[in-house]
Amino acid sequence: MKIIVSGFEPFGGDKTNSSWEAVKLLPDSLEGAEVVKVQLPVSFRKVKDLIPLILEEHKPTLLLLTGQASGISSLHVERVAINVMDARIADNDNYKPEDEPIYPGAPAAYFATIPVKRAVESIRAAGVPAAVSNSAGTFVCNAAMYTALHYVESVKMGTLVGFVHVPASPLQALQGNIPSMAPGLAARGIEACIKACIQYQRTITGDL
Amino acid sequence: MKIIVSGFEPFGGDKTNSSWEAVKLLPDSLEGAEVVKVQLPVSFRKVKDLIPLILEEHKPTLLLLTGQASGISSLHVERVAINVMDARIADNDNYKPEDEPIYPGAPAAYFATIPVKRAVESIRAAGVPAAVSNSAGTFVCNAAMYTALHYVESVKMGTLVGFVHVPASPLQALQGNIPSMAPGLAARGIEACIKACIQYQRTITGDL
Amino acid sequence: MKIIVSGFEPFGGDKTNSSWEAVKLLPDSLEGAEVVKVQLPVSFRKVKDLIPLILEEHKPTLLLLTGQASGISSLHVERVAINVMDARIADNDNYKPEDEPIYPGAPAAYFATIPVKRAVESIRAAGVPAAVSNSAGTFVCNAAMYTALHYVESVKMGTLVGFVHVPASPLQALQGNIPSMAPGLAARGIEACIKACIQYQRTITGDL
Amino acid sequence: MKIIVSGFEPFGGDKTNSSWEAVKLLPDSLEGAEVVKVQLPVSFRKVKDLIPLILEEHKPTLLLLTGQASGISSLHVERVAINVMDARIADNDNYKPEDEPIYPGAPAAYFATIPVKRAVESIRAAGVPAAVSNSAGTFVCNAAMYTALHYVESVKMGTLVGFVHVPASPLQALQGNIPSMAPGLAARGIEACIKACIQYQRTITGDL
């Protein structure tokens, strides 16, 4: 069993991205599954190109994408990705779409296929603050989640797809005016999320 | 050189207090100074009795009080304590004062005698989010800070007195709707604060 | 030309609902269009029954739904409604669904058919704080918006459908800890939103 | 009986100041007392010069200062002013003090002499969100409040002194990301505050 966990590269002038700071602390295997860590570019175009390639190359059981969301207090397990790109700032390729569809003519939204509520419970049980979120925004995070769900649906892969938003890291929040989460704590929560997804996968496939 | 660092016991129905969770992780000595850790009761009356006893028994170079402030995002180094007890909930002795002075006839306020701004800079330099705060509230935290400053001023002790408010711990914030800080991170920040105070003390006494 | 504007009845123990407090202040006609004001029940089931009936009875040019969202600071023009009912509290019929679809088998989401960005600009130009929102939640507000968009799409009506979330009213926020907006100000913003929709409708139909 | 109510001029690049937008809507007399409205400059130095002059010229029964505090949700009746100037941005005279006393050697703080809790209750009873605040900050607002209380105490005037912080106005909060309060609503709250102070003054002087 293979699992892909992604974080993003820095953007918006930051030197780090809290999602990658957490992801790189994850172990290389979890419950018998290989954990492959991938850093994604903060680029609408590149993400749309890369995610199908990653899915085809690895054919993972689970693709868990993670991204940074400055201002949130806890890990947010996203429920839904929408077919919109609407950027407040330019991405790292200097592209700043406004109200454009990611895939013209494709569905308005896809729901995460990981068990969102169980994932939240599992993260909390590991001692890490977490909540369900109903919006992954309209920047590259949402585009990555939508792209993965759209591809998996289009080619009928069995890969579970989910997205976890990570608060700013303490180093990004030194001034004290936004909430933060230590990378080690975020990694522990992401690990608990992966375990909940593996367990769910084994339940639905009868592979207990 | 002896340093007293206090945290509070749990209150308001909680099973832990994030200030004590952090303080108990501190080392027993720092830069050649002995670090004595004290857990204070969440009781207006007991705090007023205990703090002068602690100061007389230990005659510390520094008394750094810490307390929990659910809702804040970073360590708050308090600038000022005011001569008011005004409680939204009862303390652990079931006392709920409204707009009462801590010491009738005493000054309206005392400023912390630790170097507040340097402490904040030192905490941030250690990688921990921090900010100056201009209000320690009107509950037992403020009363403890006021009592210590009032006693030190009254008997002309040289002890530096300061107060650091600590965000909720992750375990207290599992639902994800308030910010939190891991006890280990808070402890690292408190340690940096103590070091800034020791360095300041050595500067003002010429004991470099 | 006929326009339907709805607000909701009170719920969750409140005596008023800020959306209805605002809607009832609207004029009975705007730019030559008749404005019909409807108060909707806070009931998943009833809203699903009523909205198609309202659309069929009035065949309005615009159905602008509004609802209360305690905690927000400005009028939120919603971009998308999702096919989920997931309630933190029971509705007024004591129904508390968890992760149920509103219409099993229907699309994951619909986008508002009003011009969301233009509506926000128009509201701001009228002096009322406003923002685009990417989540209408998973309570009755979202269900009403989804139901209207699903019905209009299903029967191919030309009615524009949108949703505006309204902050708590000052009377609901007397304690001072959540933001509020005066009903008169909210009404002015909703009026500006309606005008933007009418103008958009006239542009797309060539009826200038 | 004469009452002085002040608001501040704009600062920090804004074209308006929500406190003055509210104050200028107040009536010219309230419960038989003359209401004199004064706009204060956002200048540490000028405020220290002007407030004693205003107090000597008018010898008012009540001096109610108001100022803008972007980010708050309700009228904040301030409990205490502290003897510190510590500015994050320069004032309108381009002065940016850091950790300086307003009056070297003067007390650390003064409590408002208006009945703070009654004022809050009175404002709420008028339908306007309000709360007690324990910090007026360390900018010109706090300096004005401290100066007035220090002068009144120094020369033993009977003038009641209080301070009310006002949220941003809707025009200042159009983007929707900070809370706001309409000037008319803020004025209604300030009026209720003044009435509570007049009633309190009549009670303590026996002039019922």
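Some points to look at:
Chains here go by letter, A, B, C and D, matching the order in which they are written, and residues are numbered from 1 within each.
Throughout what follows, contacts are C-beta pairs under 8 Å (C-beta built on N, C-alpha and C of every residue); 3 or more make two chains touch, one makes a residue touch a chain.
This is a predicted model, so every value here is computed, not measured.
In summary, no chain was found to touch both chain A and chain C. The most distant chain from chain B is C, comparing centres defined as mean Cα coordinates.
In summary, the pair chain A and chain B forms a contact in which both copies contribute largely the same residue numbers, shared numbers making up over half of all those used. Per-chain Cα centroids separate chain B from chain C by 48 Å. Note: centroid distance chain A to chain B, computed from Cα atoms, is 39 Å. Measuring from the averaged C-alpha position of chain B to that of chain D gives a distance of 31 Å.
Residue positions of chain D touching 2 or more other chains: none. In terms of which chains touch, the assembly is arranged as a closed ring, every chain touching its two neighbours and no others. Chain pairs recorded as touching, per the definition above, are A-B, A-C, B-D, C-D. Across the interface of their complex, chain A is touched by residues 79-80, 82, 84, 86, 98-99, 107-111, 117, 132, 134-135, 137-138 of chain C. Residue ranges of chain B in contact with chain A, taken from their complex: 73-76, 124, 127-131, 170-171, 173-182, 184-185.
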